[in-house]
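The data blocks that follow each hold one structure.
Next come two complexes built around subunit A: one with subunit B, the other with subunit C.
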Partner chain A sequence: MGSKWSKDDALIWLSGGALVLGFLMVAGLILVIVVHGLGRFWPQELTRYVMHDGRVVLGHETSRASVRTTGSTGERSRAYRLRVRTGDRRLYPQEYIWLEESGVAGRDAPREAVVVEQVRGGDLFGYLDSFEDDGVVVARGYDAVWAHYRERYPELERLRRQQALSIVLTSTDGRRHAVSLASVQRIYAPNTMTAWTSVRHYVGSAWSYLWAPPRDENRLGGVYPAIFGTAAMVILMSVVVMPFGVLAAFYLREYGRPGPFLNAVRIAVNSLAGVPSIVFGVFGLGFFVYFLGGTLDRLFFPADLPEPTFGRGGILWCSLTLALLTLPVVIVAVEEGLAGVPRELREASHALGATRFETLWRVVVPVVLPSILTGLILSVARAAGTVAPLMITGVVAFSAELPVDGAWPFVHLEREFMHLGFHIFDTGFRPDGGEAFLPMSYTSTLLLLAIVVSLNAAAIGLRSRLRRRYSVAAA
Partner chain B sequence: MTTENTPVTPKILREETIIDVERVSFWYGGRAALKDVTMAIDRQVITAFIGPSGCGKTTLLRLINRMNDLVPQVRMTGTIRMNGVDIYGPDTDVTRLRRRVGMVFQQPNPFPKSIYENVAYGPRIHGVKSGVFLDEIVERCLRRAFLWEEVQEQLEESALGLSLGQQQRLCIARAIAVEPEVLLMDEPCSSLDPVATSRIEELMLDLKDDYTIVIVTHNMQQAARVSEYTGFMLKGELVEMGVTDAMFTTPRDRRTEDYITGRAG
Partner chain C sequence: MTDRTRHRRMDRRRLLDLLVGRLAALGGVVLILTILSVFAVILWVVYPLLLSPAEYRWGVSGPDGIDAGYRILPLIFGTLKGAVYALLFAVPVSVLAALYASQFLPRAMKERLKPAVEIMAAVPSVVLGFIGGVWLAPYLASHVFALFLAPVFISGVVTAVFLIRHHAPVSFRAFNPPGREIWLLMVAVLAGGWLALECGTWLETAWLRAGYETWFEESLGLTYAQRNAIVVGMVMGLAVTPVIFTISEDALSAVPRSFLEGSMSLGATRWQTALRIVLPAAGTGILAAVLLGFSRAIGETMIVLFISGNVPVMDWSAFSGFRALSASVALDLPNAARDDTLYRVLFFAAFLLLVSTFAINIVAELVRRRLRRRYA
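The block that comes next holds the complex of A and B.
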């Protein structure tokens, strides 16, 4: 027995087991994010719960929790509680409520229950009552209102501007609530949807998630400003970091004379890679925002003082901070590429009478171009996923303005902006009423994950192409 | 001993000498690679350097076009003259020297560019811009390197797609495109199969009418087949130099004899 189980075997099983465990955990995490992130666009059926005490609740179940109870006679039993989303706080006191499952007398899915998505607020759950034009009822009853709405739907954009039009909903307890058509994004009746309309609804929701601004304080709506802000910041950062990183790498590998100075620079670059990102944020706040921004304000915008123009967080300072953060990524990638250029290629060029610069420009640069691209993609992936330093240098949870728009001078480098990573932080960690934000948080996490993974995959693909190229040369 | 293999004396610059090496010693850091080497290389013949690995023959070759300038922490004493001019003198332009002294390396090392661009590289950096003129140079050099027939249909394809033998001939074409006087070859056939090797040897014999060729080789048969003069080096010293046939039949030095008969090295 003992001889069969050598130490080697134990080690193999241990390391294999650890690998499998790690893999399962990652797979589980990704599964949770994908299921929650993609599932929320699917229209959820509205259920009417009739309670034994006469209360009626309309909403959809989000979770079911089991509670252990001890009865009066001492026997233990298990009870269930339902977490039900009841929609916007304007119609019901709370967006989420607990229902004792034992208290539910009956439940059904009324055909006339609708969800009204508002342009700015949350979702309203209720029954269609009437369609009013300046207080005059135009249509009454579910079918009439629905038909009226469907009929006018193609011109909804135009109708929105007519403040007089409104839709009246009744809540489960019979209260009437008028919603101006101007603030209606979309109305749908989830309980009557067929598979086909559900799919269309799903695609529409996913699309508007990508291309619409957020609503109801980031609980709902889209993340377009966050995607735009992230992209704009990353582009700005790349423009700054690439020339610096590439030139630094060329200096380190090609021109610098090996010695204490070069070693010191290398150590500094490596240390830079190990500095916690929040430290970059503090530096960015102190140097870029207060010092540089403050100086710019005194020099160019003295009229606006004490109101700061550049002397507060903004997309420019965030980009510069991240450029510092990702500088080592670029330097290391390009240096690696330069080290991979075969000595024979440089010698061949020199042997033909080429100068050092001609050799660099005509032979080395084309060969390291994929490495430079790899460095760019890796730094972009790093930048897209970094949040901490941005929180103190100019990212905000909600911004009505984009950093690039139609107003002169079109690019507004001093503006605060939305960022996908910060959006996740903002929606995922609310102390109160947090569950209303969670679906959003999951979807944004999935989106960010997808962006970062695809950028890294692109970098890996480029690198392997580069390697193939060299293996041909070495064959 | 015959008079034929009397060492070529470099002291007086003879008419036929193109490169003379005088009392050259060379160190990589603290390690001596060449010890007091003196020799003369004649124009438009093939001179071979033979010797065991690490004997300094490649180092000597790379001194002739100052390739060792690129290596850090080296030191050299002595003089190397080309056409009587000290190539390590203060007035020497290294890039012009390298243009006059071309080099072919051990591993075929075409640039990861098209076949055309490989040959055109040298002329381009030396200022040839006219497309017609470049086309002409490329065709002439590829023909000269016995490669034109094989690649004329694929000039725009990557040079890395060629066979190793073709790549090496491309490197020769690339080297002669800048019209050098001397062609240095550092074991040009060591990574090639026998067929490709014999093609390169044919090419060398054809090229020697126009160029002075200096070849470093491990292969004594190759030296015997192609070269007029051979220098045998051992541990950084030039043991013996003379007419190839004489040296392979009647070496003067015992160490040479040991090496070429396979008893040492």
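The block that comes next holds the complex of A and C.
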């Protein structure tokens, strides 16, 4: 290694660049999700834009795009346009507007600007004007209305039913808009918030995202039913896949004699692992939903026909479909564990007169228990992140009912359900007007990613601990 | 304990052993039945189509005289186009990366790399599809020039950093000692990407009068769809990279040490050895890796659903979208009534996916087995 360099070393260096590039791209995409997903709950400052043409706009900037312009003398330059969210259409004509940056004469953050989160519909941005009770003004002006609202806030749930109370907002162009207290989720003034109240706001919003039902076609509110549905489906799937996967792995490693049958089973596992997930969905629709479900309906629910009970998509069919999908995952994980059990252990057990089953049950299973757990975690992670087959076997964008509730028979296997991954698809894949749904889908994407990655990290950690134990035992 | 009770107990133990053995075998039988039934169920729905004239099958017209409005051919084309663009991105990146990881990366680094690749493989495709369609596609649409400059700039900056590192005084080695090259590489790649972004923006402003869309149309006769094959290629490429990387890396690492030693003792450099000895020796393994990556890309649904634009056009242009078999099944099967033509045509689409991935996987498995036997 002198100062003379060879082309070879440069090429090695470049191939390292390929490795780094792949990682950085994935890391970059994940970073975008994290930033957007986490930033959403932070109260955003409301800016008042005063334009040169006298227009006044209240809202917050969501993005800044560059546009090329050609001046009158032919010189080219770059101008910027601001994408500004102006809130719900009930107050302003459009929820999102473009502003030419060059047209902005001035901007400030008025203290009295408030955000009114509505139960139905988006947020309203405006100024507090008055508090009315049945058309009679009770309080007027920012401070009085705010005090009045704060006083009533603890009993907001009860007040919702009273249509008489309302808060009047003024828009930037001086129009007045009355919002019934019945439709107010909460009101906050982002421009007066301190760091501490912002943090409280953040935690509160994140909490209600996790535990509240969705509002306004999944655009607002929380994802509790989706989290619940995903968890219920994954648990149901595990109950099915674990016994089968473990048994099949035992057959492959412990009981099966080498021969054509063992080979056939092995080929079956490999083929199952290679089938695209969407094909499992098609199989699930043809076999589980229409064949099994249709048969169940004819046998047990003939009174309801032609209205199907089990003969349509539902959580049971989804979990069975995903059980097929994750079967190879479990088998591979358990097999790996079985392969790591030292032969001496088995031989010692056999030498003491134990049968194969006794050896398996008393000696091998306790040792491979962590591997079985690894298989469970990996299959759960896989199932939680798989969406395509569910789209045709019973997942829905919105469902008012949970698959498990207090009504007899408590577990409703035939019900359609909400799923976190499908929630991302539903909110993120909208041909038009999708912009307003994006904050929601970013957060859900982050949540799903966090769940899947932490499950996988747990499985990897578990496995590496296991390997270390064996290598110590072998040494 | 009398002999008889001992015998009975022995019998019970043997019986239990036998029973569990049978149960395990039953698990195996169920597995075989499962994969067979996947084929059987789909064929059951598809066979009326297979028996009917070919134009029904390809969805040109329906057996009930009603046009299902469904053309399978553009969908097959779309699936292939997506997979090809994904491989165009994934194969160079992952094979080069695997070569580097197997031959030049210190062992300690490699141990840390493995879980990272595993996590990368675990990222759900709906997540990649979402971020690709919603963020990356619009972003690239406003940075088209940067997209083209990026490969040149990144490799340029990486080479430049290499030269600096090589000619720098020895004290630089303390800053980035051998074995830690990967961190410096990371900085280089990031710098190259950033430079491409800046220059691309500058170039677009300085050179083009009316934005790249118009320039594309007027000068190249191309239309730029925001959701296009390049974005699909990048994102789906990232999705299949872990598959290709892991299998290629295994194959490259399995090349016997004696090959390397022989080559180096004859005076070949490390790169010459890697490129001319190790790579060809692991060639079949890499072929298997690419095949498996291809089969993954064919069956991938959520990514193409989000990013491809789902328009059934048939051209190879990198800047137009397409519609894939898998995405069509996911989008349209929920709306298809049971047993009508659309239902059967979509099952036929799934059948095509099943058969092709199955065939590719078997070929890949055979190739891998041959490789294993060779070095066993």
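Simple rule for what comes next: the second predicted complex is superposed on the first by the 465 of 475 C-alpha atoms of A that agree within 3 Å, B and C clash if a C-alpha of one lies under 4 Å from a C-alpha of the other, contacts with A are read in each partner's own complex, and residues count from 1 in each chain.
Keep in mind that, in the parts below, a residue touches a chain if its C-beta (ideal position, glycine included) is under 8 Å from a C-beta of that chain, and two chains touch if they have at least 3 such contacts.
The structure presented is a predicted model; accordingly, all values stated were derived computationally and were not measured.
Upon superposition of the two complexes on subunit A, no clash is found between subunit B and subunit C, which fit side by side.
Contacts of A:V26 after superposition on the shared chain: subunit C is touched, whereas subunit B is not.
Within the superposed three-chain model, A:A178 lies out of touch with both subunit B and subunit C [touch as defined at top]. Within the superposed three-chain model, A:E254 lies in touch with subunit C and out of touch with subunit B [touch as defined at top]. When the two structures are aligned on the shared chain, A:I12 is found in touch with subunit C, with no touch to subunit B. Applying the stated contact rule after C-alpha superposition, one finds that A:F425 touches subunit C and leaves subunit B untouched. By the touch criterion defined above, A:V367 lies against subunit B but remains apart from subunit C after alignment on the C-alpha atoms of chain A. The larger set of touched subunit A residues comes from C, when the choice is between subunit B and subunit C.
Touch criterion met: A:T355 reaches subunit B and subunit C at once. With both structures placed on the common chain, the touch criterion links A:P342 to subunit B but leaves subunit C unconnected.
Looking at the shared chain after the overlay, A:S271 reaches subunit C, while subunit B stays out of its contact range.
The least CA distance from subunit B to subunit C in the superposed model is 8 Å.
The contact surfaces that subunit B and subunit C form on subunit A in the two complexes overlap at residues 355, 358. In the complex of the two chains, the subunit A residues touching subunit C come out as 3, 5-6, 8-26, 29-30, 32-33, 36, 65-68, 70, 76-78, 244, 247-248, 250-252, 254-256, 261-262, 264-265, 268-272, 274-283, 285-287, 290-291, 324, 327, 355-358, 360, 381-382, 384-388, 391-392, 421, 424-425, 428-429, 438, 441, 445, 448-449, 452-453, 456-457, 460, 464.
The residues of subunit A lying in touch with subunit B in their complex are 258, 342, 344-355, 358, 362-363, 366-367, 469, 472-473, 475.
Touching subunit A in their complex are the following residues of subunit B: 65, 67, 70, 72, 95-99, 102-103, 105, 107, 109-113, 121-122, 125-126, 160-161, 164, 171, 174-175, 178.
Put simply, subunit C touches subunit A in their complex at residues 13-14, 16-17, 20-21, 23-28, 30-32, 34-35, 37-38, 41-42, 44-45, 92-94, 96-97, 99-101, 104-105, 115-116, 118-120, 122-128, 130-136, 142, 154-155, 158-159, 162-163, 166-167, 181-182, 185-186, 188-190, 193, 201, 204-206, 208-211, 234-235, 238, 241, 245, 269-272, 274-275, 292, 295, 298-302, 305-306, 326, 329-330, 333-334, 338, 346-347, 350, 353-354, 357-358, 360-362, 365.
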